[in-house]
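Here subunit A shows up in two complexes: once beside subunit B, once beside subunit C.
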Partner chain A sequence: MSLKAGAANSPGTHEASRRTFWGRLINWTPYRLLMGIVTASPRRQFLILAAFPVLWLLTQHLGPMLQMLRVSLTDAYPVAPGVEQHFTFDNYARFFGDRIFWQPFFRTLIFASVLTFCTLILTYPVAYFLACHVSRKNQMLMLLLLLIPFWVGEIVRTYAIMILLGNTGAVNLVLKWFGLIDRPIPFMYTSFSMGIGIVYLTALYMLLPLYSALEKLPKSYNEAAADLGAGAWTRFRRVTMPLTLEGVSSGCILVFLISTGFYATPVLLGGPSTTVFAETIAGFFHVAGDEWPTGAAFATIMFVTAMLLTGIFQRLMYAMRKGDTK
Partner chain B sequence: MSRSTFNRRRFLGTAAMSSAVLASPAYLRRAHAAGGEVNIWTYNDFVPKAFKEQFESETGIKVNVRLVDDQGKQFNLLAAEAPNPTVDIMTVAGHRFLQFIDSELLAPLDTSRLSNWGNINPTFSESDWATINGNKWGAPILSGMEVLSYNTELVSAEEAQTWDTLFSEKYSGQTAYIIQDMMSIVMLMKGYDGNMVAYMDDPDKAAAIVEEAKQFLIEKKPMVRKYYDSGAEVQQMFVNQDIALGHSWNGPAAALINDGFPLAMSIPQEGSYGFVYTYNIANNAPNVDNAYTFLNAILASPEIGASMTKASGFISTYKDASNYLTDLEKASTSFPEEQLANLQFFRAEANEMKYGLVDPAVEAIKAA
Partner chain C sequence: MNRGNRVFLSCVYWSFVLYVFVPLFLMILMGFKDSKFIGFPIRSWTLDWYTGVFADAEVLSTLGYSITIAVLSTLISILVGTWIAVLLEGRRFLGRAAMFGLTILPALVPGIISAIAFRIYARLLGIEPGMGAIIWAHAVHNVPFVGLVVMARLSTLPKSQIEAARDLGADPIVAFVRITLPYLIPAILGASIFCLLLSFDDFVRSFFLGGYDPTLPVLIFAKLRSGMSPEINAIATVALVLTAAIGIWAERFTRRMNKDVNS
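Let's turn to the complex of A and B:
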């Protein structure tokens, strides 16, 4: 609008814009014709704008999932020479028919749920402090500091936890230095080390939605509640928490879904009794033979279960939010 | 397998070996200056760096190495790419040949194109496992074995003479092993044939033996610190003193010994299994001529075999390679005769039945 006005008011500016690349492009007849065709109707405009995102979604997101689903319904993949591929549900039946696989499956869901809750409890105060008690100027700096570990990959951060928790790691050395222990505590290769690792890796995915929700919360709400005599706990329970449930919901879903799929961290930090379902699935892809379809079926089962649980959780959170607004 | 430490001695050793390789007879000049590339899937340190650089400069053939850490993953990768693989040379363990051959993933090796074939110790190049369907399928390069590795400051040599120590209360929570490999060893501990060749005609007995080994490992599960997969993991656990002893391949253990870590290894009295890594040419490989040029070059001298041993810790299959090792390196890659008498090689004949039983058992142990 202002450009148009400017151009109308100043012929010199108009002439200058014709000399730039964009100016020449706009005035190029084939370009004008093309733009005329593309923007002829809102419907056509929508279709053209939607083409790339839809193509991206189909090839990069849904494509691999559908391929995984297809493989899970076959009896052989990769197909060896002379072998014919058949359609089958046997790979799914194998999961439901053999209890061996239930334990890592349910263990994964329980671990993911517990660790999501722990991440929420640990990161909520951090997000609250950041959003409500740090000046705007310093908030970006604090967020940047929190982001630093995420500049390196998952494996490097997992090894950092190993250095921290190992028998000769920093935690044991400090405990020994203070005379609290004589022999190192075997933190590594336990549920504890695996839990620490996963919480550390997923904390930011919880923190950012929480921060975003808390940052939008007007200070005046809590001040009004205080004026009406509400104590700190009541203000948190009746004002802050209900109004940040959306952030809690987003963070929990993100962390839960990521936690169900972790592979490298449980392998590196976990022990004999912490085998998660991702390891079971990976086993079918490592084992030489026609085991890919079983791995694909198991991956699909975990995906569907995680989606179902997430859907239920979302409905619950929605009901809670709705209840609070009544 | 990645190296965990790099000290002055290793630096000097590597520098000396690099000089030896560079000063060695110009075997590469015999190689036709072909250009192009050769794609290799292999374990870490199996292609010596100095050799690779010289080979590339002499022949103009670029060597592209993709690291693998598991035979099964390698099989799956190749099966997914068949019948037009991107790889020319893979590293298959001798006892896994059959599976690759049955799936038409390997090409028979034309040894007449390898003038340096005779440099391999006949113990490896002419053994019964090396010839299948009248053909050779790979050039043996390194030999390994399943050993009991132990921290010498915590475990005595006497204790390491039996696999029972790995499952003793004394070292509860201080042990680690690869479950799949341990299944074969437990069968051996219990007096059975871990290769399962003896039960090929009796699948019920085979199933009962695997079940017995599985139950044993489930019962002992509370005592193990970690089930691991790669050599680098067990090295790390020893260095961090997370474990006092464990089952391992001799290569990663020897590498730690050469670095000066207080570690030793034994082949316990109940016995153990050995295996041989071979370089193989993929069926329908895109650069077959370059692959043969590479194989012939890497087999050219015992110095190259010794440099592979120095880097990987596995034992060279080349004649006279030990002449180029230091005393410490020789010690870390050799075993007393009485222990070697307990060693037998993995065999492939019953693999389909064996792994059909063992793989689900491994999953059951992990899940238990």
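Let's turn to the complex of A and C:
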């Protein structure tokens, strides 16, 4: 604040501005010459500002994806010296040719969709409680409390789930204590343990969009609906839910995309019957380099499918929102 | 709102709190178990695993390696992300929407795909797997988060302040350094902490772009694959305490900064 106050108080005369560092800089001849070139026209100024970001975005953000696409269409990468690289669709054909390739792919999509839905069901009441039943002051504290575990990394939290669900883990111990079971339930290395782990990792990405959507919802809407005789369930279905669909949609898209990309969690928590596509893709990068194009092709298939699905989902949600407001 | 509803929802909230805290709490407890065997019940307690961690040169050097990567990648992300945000929040231009889409692209690509895309691209750029590659991948991956946070803050900067500075003789660069930048500081600090945590916690990119030296999550992963032991609990707890402490401190700090600047 003091900086701004200083700038506002000092008159714009040469004499006064000469005393400060910035005043001297502005009047320093090489700097003035440089600025004269840079700010010669608004157009040039804009080009200088835009050059680096455009270059960065094209080479660093778009580049890796395009290079992945290019490699997926070749028969060998990295190319050995003296060998010619050929253009081919074989890597894509391989995907459809073998069950061990497309089965994990569909499994991943189904898992991710189911887990996204579970996360939504689990976190909606939590977000609703925070946004609508808690005073402003406590809201931030109670939200912060939930944020703490989510600062902890993926691997550490996966390990925590391993300890919770292991044969000698806490859940089995408690169940034994109450005499519900005689011998431990093998939770680990199943789709159940993997699901628990992934929901544990993604819940926050659902919770935050839901919370911000619910928080924006004016209380008066629900009160008006209640005055008009709507019960709690009707109010939720006809007022709260439609007006928070935007949050639901962005939360679901985030969680879906994140869940399809997990690698370490399925490796540690899943078993042979729950191989996900991330493990299939990774497999091509552990072995000799000539498998890279296939891995790249598979990753491209995954990326395009995930983008298409989330795109369709977003459209659907948008149509629902429009339909409701009519 | 009726009372039963409220009680039910509050139960849901507190069970959710239990769900997110209990696994971590149990993991921390297990690090104090006086046995090589992971599992409940814990009969006797020890601090040996923790003293072991701080005496283990491999763990300590890995910790330093992870922190170095986090700091350097964050510096790059902040510089680039802020630059992009300033461009996108400035005057309208053709292709602005496309540029915004490109900016957030790395944040939308699922983890494994982003890791292998970086792996392939690093080969093209001639970056050898190792520290440089990890820093580069983390920096690119974190740019979208910096961009979004800084853009949000920038959109609330009163245009009149810049105009006043320009009227008083400041050129664009001086106006940026003396007006825009101080206004952005809370957003930049918040984004840096977020980037530090993202980089420090990241597994998949570090795993695919790493050389022989592991980062902390990669080390824990490697040890887990060869079997669970309370030693891992102790290492994981150190990582957990570090990240949670930075997170809590940053949360309070940015909140205070926001209050100061807004008032």
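As a working rule, the second predicted complex is superposed on the first by the 264 of 326 C-alpha atoms of A that agree within 3 Å, B and C clash if a C-alpha of one lies under 4 Å from a C-alpha of the other, contacts with A are read in each partner's own complex, and residues count from 1 in each chain.
Quick note on the criterion: contacts are C-beta pairs under 8 Å (C-beta built on N, C-alpha and C of every residue); 3 or more make two chains touch, one makes a residue touch a chain.
The structure presented is a predicted model; accordingly, all values stated were derived computationally and were not measured.
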Touched partner set for A:A80, first subunit B, second subunit C, both or neither: first
Touched partner set for A:Y189, first subunit B, second subunit C, both or neither: first
Subunit B versus subunit C as contact partner of A:G169, first or second or both or neither: both
In the superposition, subunit B vs subunit C on subunit A residues touched: C
Touched partner set for A:F313, first subunit B, second subunit C, both or neither: neither
First (subunit B), second (subunit C), both or neither touched by A:Y92: neither
First, second, both or neither for A:P272, with subunit B first and subunit C second: first
Which of subunit B and subunit C A:I100 touches, first, second, both or neither: first
Partner chain(s) touched by A:H133 [first = subunit B, second = subunit C, both, neither]: second
First (subunit B), second (subunit C), both or neither touched by A:G283: first
Where subunit A meets both subunit C and subunit B, residue numbers: 78, 162, 166-169, 268, 285, 292
List of subunit C residues in touch with subunit A within their complex: 1-2, 5-6, 9-10, 12-13, 16-17, 19-24, 26-27, 30, 37-41, 80, 83-84, 86-87, 90-91, 93, 99, 102-103, 105-106, 108-121, 123-124, 140, 143, 161, 164-165, 167-174, 177-179, 182, 197, 200-204, 207-208, 217, 220-221, 224-225, 228, 232-233, 236, 239-240, 243-244, 246-248, 251, 260-261
Subunit C-facing residues of subunit A, complex: 1, 3-4, 7-8, 10, 12, 17, 22, 25-26, 35, 38-39, 45-46, 49-50, 52-54, 56-58, 60-65, 67-68, 71, 77-78, 122-123, 125-126, 128-130, 132-133, 142, 144-157, 159-164, 166-170, 173, 200, 203, 232, 257-258, 260-264, 268, 278, 281-282, 285, 292, 295-296, 299, 302-303, 306
Residues on subunit B engaged by subunit A in the complex (per definition of touch): 70-73, 75-76, 79-80, 82-83, 96, 99, 103-104, 173, 221, 224-227, 229, 233, 236, 240-242, 355, 359-360, 362-364, 366-368
Residues of subunit A that touch subunit B when the two form their complex: 78, 80-81, 100-101, 103-104, 162, 166-169, 184, 186, 188-189, 267-268, 271-273, 275, 279-280, 283, 285-289, 291-292
